[in-house]
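Both of the next two complexes hold subunit A, though its partner changes from subunit B to subunit C.
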Partner chain A sequence: MLRQSWWKILCVVLLLYTVIAGFLGDVPAKPILHETIRNLYFHVAMWFSMMILFIVSVVYAIKYLRRPDQVFDIYSLEYAKAGIVFGSLGVLTGSEWAGFTWGAFWSNDPKQLGAVVALLIYLAYLVLRNSMTDMDKRARIGAVYNIFAFAMLFPTLWIIPRMVESLHPGGLGGNPAFENFDPRMGKIFWPAAVPGWTLLGVWISSLRIRLQLLELKKLNHA
Partner chain B sequence: MRKTACLVWFLGSFLLSVLSAAAQGNDGNANVEMAGVLRSNGKIYIVVAVLATILAGLFVYVIRLDRKIGRLEKEAK
Partner chain C sequence: MLKSKRSFSHIITLFRKDLLLEIRQQYSFYGILLYVASTIFVLYLAMGEPEGAVWKGLFWMIQLFICVNAVAKSFLQEGEGRMLYFYSIAGARDFILAKLLFNTLLMVLMSFVSLGLFVLMLGNPLARAVPFVLITCLGGVSLSLVFTFLAAIAARARQNAALMAILGFPLIIPQLMLLMRLSNVAFSDALQGGVWGMALLLIALDLLIVVLAVILFPFLWKD
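Let's turn to the complex of A and B:
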C-alpha cells in the first residue's frame, strides 16, 4: 500500500482539480465573504485532513498497545506529525482569512482557541516522546498519551465551539456549519478537496515512515 | 486494471461536475460584489496558473523524494 502509485496519481489529479475548479467554478455570492468563500477548499480541507491523519495515528497507537511492535509506533508518530503540520497550516490560513473578513487576524474565537489547544496537546505528544530515550518506554507512553490527545481533539474542535457564541459557522445562535452548503461547492469539497489534501498528508507520512523503517532496519542489523 | 477503471471513472465524474457547475450562473444575488470582472478579463487564470505551478513543483519534489527513498529501500534489501 505504502509503495503503490495509484493513490499518489489520484492525489495529484484531485488537488489539481481542486485548485482549477476551486477558482473557476461558480460559488454563491455572500456578503463579507465575497470570493474568499473559496478558502473552504483549502482552509477547511486542512482541518478535515488533520482529523483523518490523527484518527489514523490513534488507530496505530491502539495497535501498538495491543501488540508492541516498533513499526506501529513509527506509523502512529508520523501520521501525528503530518496531522500537526496540516493543523498548523489550518490555523495560519484561518488567521489570514479572518484578518480580511472578520477584521482581525486573531479574535479569540472559541474555535480558534479550541484548535490551538488541540494542536498544543499534540505538540506535547512530541515533547513527551522526546523526553524519553528508551524506545519501548517512549512508544508505550507515547501511545497512551496519543489516545488522550485524540480524546481531547473532538471536544476542542467540535463540541465546545458549538456550545458558545462563535464567529465560525456552527456556533450558538444558528448558522450551523454545512446546513446551507452550496451543492456546487460540495462537488469540489467532498470528492476532491478533502480526499486530495488527505492523500497528500498520507503521502508525506508514508515517505517519513519508509525512512524511519529503513533506520529501524539498520538499527536491528547493527 | 480495476485501478485504471477507477481512475477513469473518477476523472469522468469530475469533468461532468465541472461542466455542470460552469453551466449554472450567479444565484441572483446581484448586490454582492464578486470578482466577475476579474474573471471575465481573464486575470483569474493567472492565479490558477500560479497555484497549479506551485502544486506541480511540490508534486515533483515529493515524487523525487519518493523515488530516492525507494532506491534506498532497494539498497537495504
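Let's turn to the complex of A and C:
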C-alpha cells in the first residue's frame, strides 16, 4: 500500500484545503484568541499526528518482539522519528500561539512540560539505540524501551495535565477552545487537517523506511 | 498451583541471594549510605535550613540521585555467565520480580535514612509528619521500580549508569511531579482536595510498571 500514489495525492489535496480554507475561511470571533484560532488547524493537528505516529511505532515494536524481523524494527524506528518531528513542530506552533494569546512564549503549563517530557523520552530512545552496535540486540532492546516509554507517555500527556490547573483545554483552568467547537472549523479540522498532517507523517516515514530497507538489502547481499 | 508455589520459592531464593551478597560485601551498602550522608551534608553546608518549598524540592531531587546510585549496580554486578546460570535455574520473571522486591526494600530503607538526615540537618518544616513518611515510602517504591527496569535495559545494552540516567530522568518526571504535589499535604495544616486521586494514580503507575517489567523482561534477557 505504501508504494501506491493515491494517498499521497489525497495528502496534498487535504493539506492544500487545510492551508487555503484555514487562512481564508470563516472563524468565530472569540475573546483573546481572535484570528489566532486558525492555529488550531496546525498546532492541534500536529499532536494528533504525533500520537498516531507513536502508536504505529509501538505497534511495530510489539510485532518485532513477537516475531524478530529487522523490517519491523525499521518501521518502528522511522515512525518514532517522524513522531518526534511532529512533536517538535507541535511545541513550536504552540509556543508561538501562546506568545500572542497567553502573553508569554513559555509559561511552564503542565501540557507544555508534558510535551517536552514526551520528546525527551523519545530522544532517549534514539540515544539508547545508538549506544548498541549489534543489530538484533539494538532492535530488541529498542522495542522493549519503546513499549515502556509509550506506556509512560499516557500519564505525562493525558492524565496529569487534566488533574492540575492548565491553560490548555481539559485542565482545571477552563480553556474554552473546544467548548462550542464551531462547526465551520470542524469541517476543516476533522476531515482535512488531522488526516492531512498524519498522511504527511506517514509519507515522510515511508520514504525513510524504503531507504532503510534498501540499505538492509545491500547489507544482506554484501 | 505447584508452579506458582515453585516460582514463589524461586523469587524468595533469589531475593535471599541478593540480601546475602549485600551482607557479605558490605562496601556497596555502606557506599550508598555514605553517599546519602555526604550529599545531605553538602546540602546543609550550602543551604543551612531552607524553607518548606526548597526543602521539598531538594528532598525529591536527592531521592532521585540516591535511587540511581542504589539501583544501578543491581544488574551491572551480574556477569554474563552468572546471568546464564540464573536463566537456566529460575526463569526471567522470577528473576526480575526478585530484583524489584529487593531494590524496593533497599530504596525504602534509604529513603527513611535520608528523611531522618534531612530533618536532622536541614531542619523540620513538616506540619504533618505521618503523611510525609507514607509519601516518602510510596516515592521510594515508585522510583526504585522505574530505575530497576531501566537498570536492566542499561545492563543489557552493556552501558554504565550514565545511560540509565539519560533514559530515566524524562520517564520519572511524571512520578516526581505527582510526588511533589502530594507532599504539599505535609507542609501545611490546610486540607487539600485531590490527594487520594494522586496517591491512587501513583499506585496505579507502580502496578503498571511491575506488569510491564514482568511482560517485557523476558525479551531483554534472552540472547
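Keep this in mind: the second predicted complex is superposed on the first by the 216 of 222 C-alpha atoms of A that agree within 3 Å, B and C clash if a C-alpha of one lies under 4 Å from a C-alpha of the other, contacts with A are read in each partner's own complex, and residues count from 1 in each chain.
What we mean here is this: a residue touches a chain if its C-beta (ideal position, glycine included) is under 8 Å from a C-beta of that chain, and two chains touch if they have at least 3 such contacts.
Note that this is a predicted model, so its numbers are computed, not measured.
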item: Partner chain(s) touched by A:W203 [first = subunit B, second = subunit C, both, neither]; value: first
item: Partner chain in contact with A:M46 - subunit B first, subunit C second, else both or neither; value: neither
item: Subunit B versus subunit C as contact partner of A:L77, first or second or both or neither; value: neither
item: Contacts of A:K187 with subunit B and subunit C, given as first, second, both or neither; value: first
item: Which of subunit B and subunit C A:L120 touches, first, second, both or neither; value: second
item: Which of subunit B and subunit C A:V91 touches, first, second, both or neither; value: neither
item: Subunit C versus subunit B, contacts on subunit A by residue; value: B
item: Partner chain(s) touched by A:I20 [first = subunit B, second = subunit C, both, neither]; value: first
item: Subunit B residues touching subunit A - in the complex, by the definition given at the top; value: 3, 6-7, 10-11, 13-14, 17-18, 21-22, 24-27, 29-30, 32-35, 39, 44-45, 47-48, 51-52, 55, 59, 62-63, 65-66, 69-70, 72-73, 76
item: Interfacial residue positions of subunit A with respect to subunit B in the complex; value: 3, 6, 8-10, 12-13, 15-17, 19-21, 23-31, 34-35, 184, 187-188, 191-192, 200, 203-204, 207, 210-211, 214, 217-218
item: Complex contacts: residues of subunit C adjacent to subunit A; value: 149, 153, 156-159, 163, 166-167, 169-171, 173-174, 177-178, 181, 194, 197-198, 201, 205, 208, 212, 216, 219-220, 223
item: Subunit C partner contacts - residues on subunit A that touch it in the complex; value: 65, 113-114, 117, 120-121, 124, 127-128, 131-132, 137, 140-141, 143-145, 147-149, 151-152, 155-156, 159-160, 163-164
